[in-house]
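Chains: A, B, C and D, in written order; residue numbering restarts at 1 for each.
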Amino acid sequence: MSEGYTSDEMMTVAAARALTDGISCFVGIGLPSAASNLARATHAPNLVLIYESGTIGAKPDRLPLSIGDGILAETADAVITVPEIFNYWLQPGRIDVGFLGAAQIDKFGNINTTIVGGDYAHPKVRLPGAGGAPEIAASSKEVIVIVRQTKRAFVERVEFITSVGYGDGPGTREKLGLRGKGPRQIITDLGILTPDPRTCEFTMTALFEGVSRDTVRERTGWDVQFATEPEVIAPPTSHELAALRKFNASEKASE
Amino acid sequence: MAEIVSLAQAVADAVHDGDAVAMEGFTHLIPFAAGHEVIRQRRRDLTLIRMTPDVIYDQLIGAGCARKLIFSWGGNPGVGSLHRFRDAVEHGWPRPLEIEEHSHAGMANRYVAGASGLPFAVLRGYAGTGLAEVTDTIKPITCPFTGETLMAVQALNPDVAIIHAQQADRHGNVQLWGLAGVQKEAVLASRRAIVTVEEIVDELQPRPTAVVLPAWAVSYVARVPNGAHPSYASGYTERDNQYYQAWDPIARDRQRFSGWLEDHIYGETAVHR
Amino acid sequence: MAEIVSLAQAVADAVHDGDAVAMEGFTHLIPFAAGHEVIRQRRRDLTLIRMTPDVIYDQLIGAGCARKLIFSWGGNPGVGSLHRFRDAVEHGWPRPLEIEEHSHAGMANRYVAGASGLPFAVLRGYAGTGLAEVTDTIKPITCPFTGETLMAVQALNPDVAIIHAQQADRHGNVQLWGLAGVQKEAVLASRRAIVTVEEIVDELQPRPTAVVLPAWAVSYVARVPNGAHPSYASGYTERDNQYYQAWDPIARDRQRFSGWLEDHIYGETAVHR
Amino acid sequence: MSEGYTSDEMMTVAAARALTDGISCFVGIGLPSAASNLARATHAPNLVLIYESGTIGAKPDRLPLSIGDGILAETADAVITVPEIFNYWLQPGRIDVGFLGAAQIDKFGNINTTIVGGDYAHPKVRLPGAGGAPEIAASSKEVIVIVRQTKRAFVERVEFITSVGYGDGPGTREKLGLRGKGPRQIITDLGILTPDPRTCEFTMTALFEGVSRDTVRERTGWDVQFATEPEVIAPPTSHELAALRKFNASEKASE
């Protein structure tokens, strides 16, 4: 990484850039919230943020501390119940982008946030579970995943499918009747993976400045493929960095 | 018709060993004080139900109140794992914990079905996930008009729902506002309901985004100011973010957790409300 | 994203011959002005959908706009029959009217299913009634958990929903309050939506009981003050009860009705909005 | 009828008296609304009125002109949507009494508000249809029907079952899975009919003052049976009459 910004900052900026102005974005907890709020503060002022806690069109001027931060309800266009968020807004396919994190993700973009090691009844590590992710992954028109790239997180096949990406590969989503198109990008702290249009396998199609293929291989649990000429992502602009750091400072201040 | 009583009496009357108990409050208005009272009264063999079993259920599970957990996301929001929950699932401490696991959409719809007097709800969900395989209360169902396969989830009808709200009037009519989560559905799905409130007022003034529960749909109302702490009650209190962070090291260690229980719940210096 | 246009343009753009059109407003906020504009633009072969096809649909049916009616209660509230509706069903004038008949609970749930992206909804209803026999969009369904038989109704997904609300802002976000009926569900179930409003304001102030529809869920907003007349818009206008009573003798007689159409809808002296 | 009040007034007063204070009552359109508001103004101040337009605990101080009268929302404990009224409040059996009118009713208390004459596709008279009645009749803990007694309205078997009473007789409701107990009283302008506990057939068990059995027979389309000693209903008290007339005057004034 070059000087002046961290790889986490680069990841968040890249994720923010992936959001087009004016679209509706269902924001999962964690990194997605930081990235989508950064997008709204920079190039996408009309991005419609939807949180599963029941807010449509939240416009926080600081980073929400949780998906239930009071600032979301106070600034939202509409505040509704949790059943309504899922039934009336997510399920019918009204959401343009579902924005998810992951504990474990595989080469077909399937996400595991349930267990690691052992079996379901006797897990070695019990993760938090599904939350809203399975239906966000199923019903959003498309999905963007943001997750730090490590060998433990990027696995050949997830141990438990909490949220479906492309399942076993081509045709799985159609067979399951999932109406959204599935994950379009996995944005990491090394670059961006996108699904191969033929195999649905996630391929490294963009790298952040200074990231080598060897680093990517070391931090990926499958035999990751690269685009012939991976795009090199421009570093954060000073405007992006300033906006992101302002958010992070406000987060620290209110802790 | 709602009776206005102390929290201790409400829990003593409404929550019995072996009950299925739903404490709801989605990131806001979490009924922590009532949860602590359940621990204090040493209820056992509860089936705990909650979409987001965060710190409140970590405490109940660690204290040994629960036989089973029905949930969709069990974490300490913004902090990390629920260590007492993990210890129960991974190591059976202080006792084994049976789990019944859903997604948020599934849990929300299970409450909706329960509130609606239906045995199940239908959603587009779970297809292709491991949850559909490990959870019995998820089954496929076919549309009688289109032939399409969707998913059914079984209704939730807890013995008792416990929620926190901003206000009740002297008749026991309840009003809450801000993020309203799934509380109305949880109360209407349950046989009994306890509502703790910040304040009892002469008359409820209608508010934007308010959910109103008429007194005849509630069993007990108890005045418990700051009863959502460390969660918050919009218009009354702020979220105590440090509490959530401070919980992590306490919950990581059985000994420290037992000390916390003694100091903050059972002990003579604990705050009884 | 909502476009703010004239009512005439909204109807011209969004309502086509042969469309399935849901005009909703349960006793309050009935979109009469928009209904009159649909008559004025001489739409034909519409499938009209509405829980309570009262005077507004009597007018559309009498004017020959409708091929089919999907409904649950067709009367002039507090007055009596809808004579144009009866004339169409009983005598095929001005053209035969196919009907698809439900109960209120069934219709409400059909909109809920439509708004939820589901092909059907489940309810406890219709068992033992004649409706279950004459209406194809009602079918039994078995609970996969309990084996109990319930009733399924097919989702409604109109081509266009038309409602009246109190306010929109300049972006096209809509707010309505008071009796909110089934309007949110009708709008969300439909491919397109027209909202007429009493007023366009700089900023929507959150109100008790308000239903908010974000601009991106609405196609067209048109400012039409008193657009619910003879129905009412809480906070803006009062119900014109005499209009409902005066409608009875007009509607009883084909000639008088045709005269009314000429004078109040088509004619040069009619109020165009 | 004795002097000083009309048979319609007697009917409304009798219907009001049938409502116990403190219960919840789902109020259909027409006569039920007048009777339940009269009850609230007299002996049942804590009667919870629920209208299908979405109001719980409405407390109007004049007679609402329709089920959507603004005064209902303005005075209600809670204002909710139409789907919620039916799904969360009526369907689960929370309502103590469902209060219905009828165009045609038969000896088993089945109600027809759909068609008279001809067949369904070609009716002689097309009535308004079901509205909320089928589910009110199915799911209220019990039902009270208020309807003027005429030979045309009181028929052996209704031509179309819009709302189920006791169907074909004993056992029908159980077979259909209806959870409410069904109609407990039919209150008319002549007296009160209640179901025979053995046959479910509605029997004249109370008469208003001055009403003869012959009048009842003339105005009933089936071979109506009488209780051995029909109760004679006390005429309206001056308090009841005054309250009712005040309502009716306010209705006229606002027309």
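Some notes on this structure:
The rule we apply is simple: a residue touches a chain if its C-beta (ideal position, glycine included) is under 8 Å from a C-beta of that chain, and two chains touch if they have at least 3 such contacts.
Here the structure is a predicted model, which means the values were calculated and not measured.
Each chain's centre was taken as the mean of its CA atoms, and the one lying most distant from subunit D is A.
Judged by contacting C-beta pairs, the busier of the interfaces A-C and C-D is C-D. Put simply, the C-alpha centre of subunit A and that of subunit C have 40 angstrom between them.
Centroid to centroid, with C-alpha atoms defining each point, subunit A and subunit D lie 57 Å apart. Centroids built from CA atoms put subunit B at 28 Å from subunit A.
Residues of subunit B in contact with two or more other chains: 117-118, 123-124, 148, 184-185, 209.
Touching two or more other chains at once are residues 87, 91, 139, 179 of subunit A. Contacting chain pairs (ordered by label): A-B, A-C, B-C, B-D, C-D. Within the complex, the subunit B residues that touch subunit C are 117-124, 137, 139-141, 143-146, 148, 150, 152, 154, 206-210. Subunit D meets subunit C in the complex at residues 29, 52-55, 65-70, 72-73, 79-83, 86-87, 90-91, 114, 120, 123-126, 128-135, 138-139, 160-164, 167, 172-173, 176-179, 254-255. Subunit C meets subunit A in the complex at residues 1, 115-118, 173, 184-185, 188, 212-214, 216-217.
Here subunit B touches subunit A in the complex through residues 26-28, 51-52, 71-75, 77-78, 81-82, 85-86, 89-90, 101-105, 108-109, 111-112, 123-131, 134, 148-149, 178-182, 184-185, 209, 211, 232, 234, 238-239, 241-242, 245, going by the rule given at the top. Every residue of subunit D that touches subunit B in the complex is listed here, in rising order: 22, 24, 48, 56-57, 77-78, 87-88, 91-94, 139, 179.
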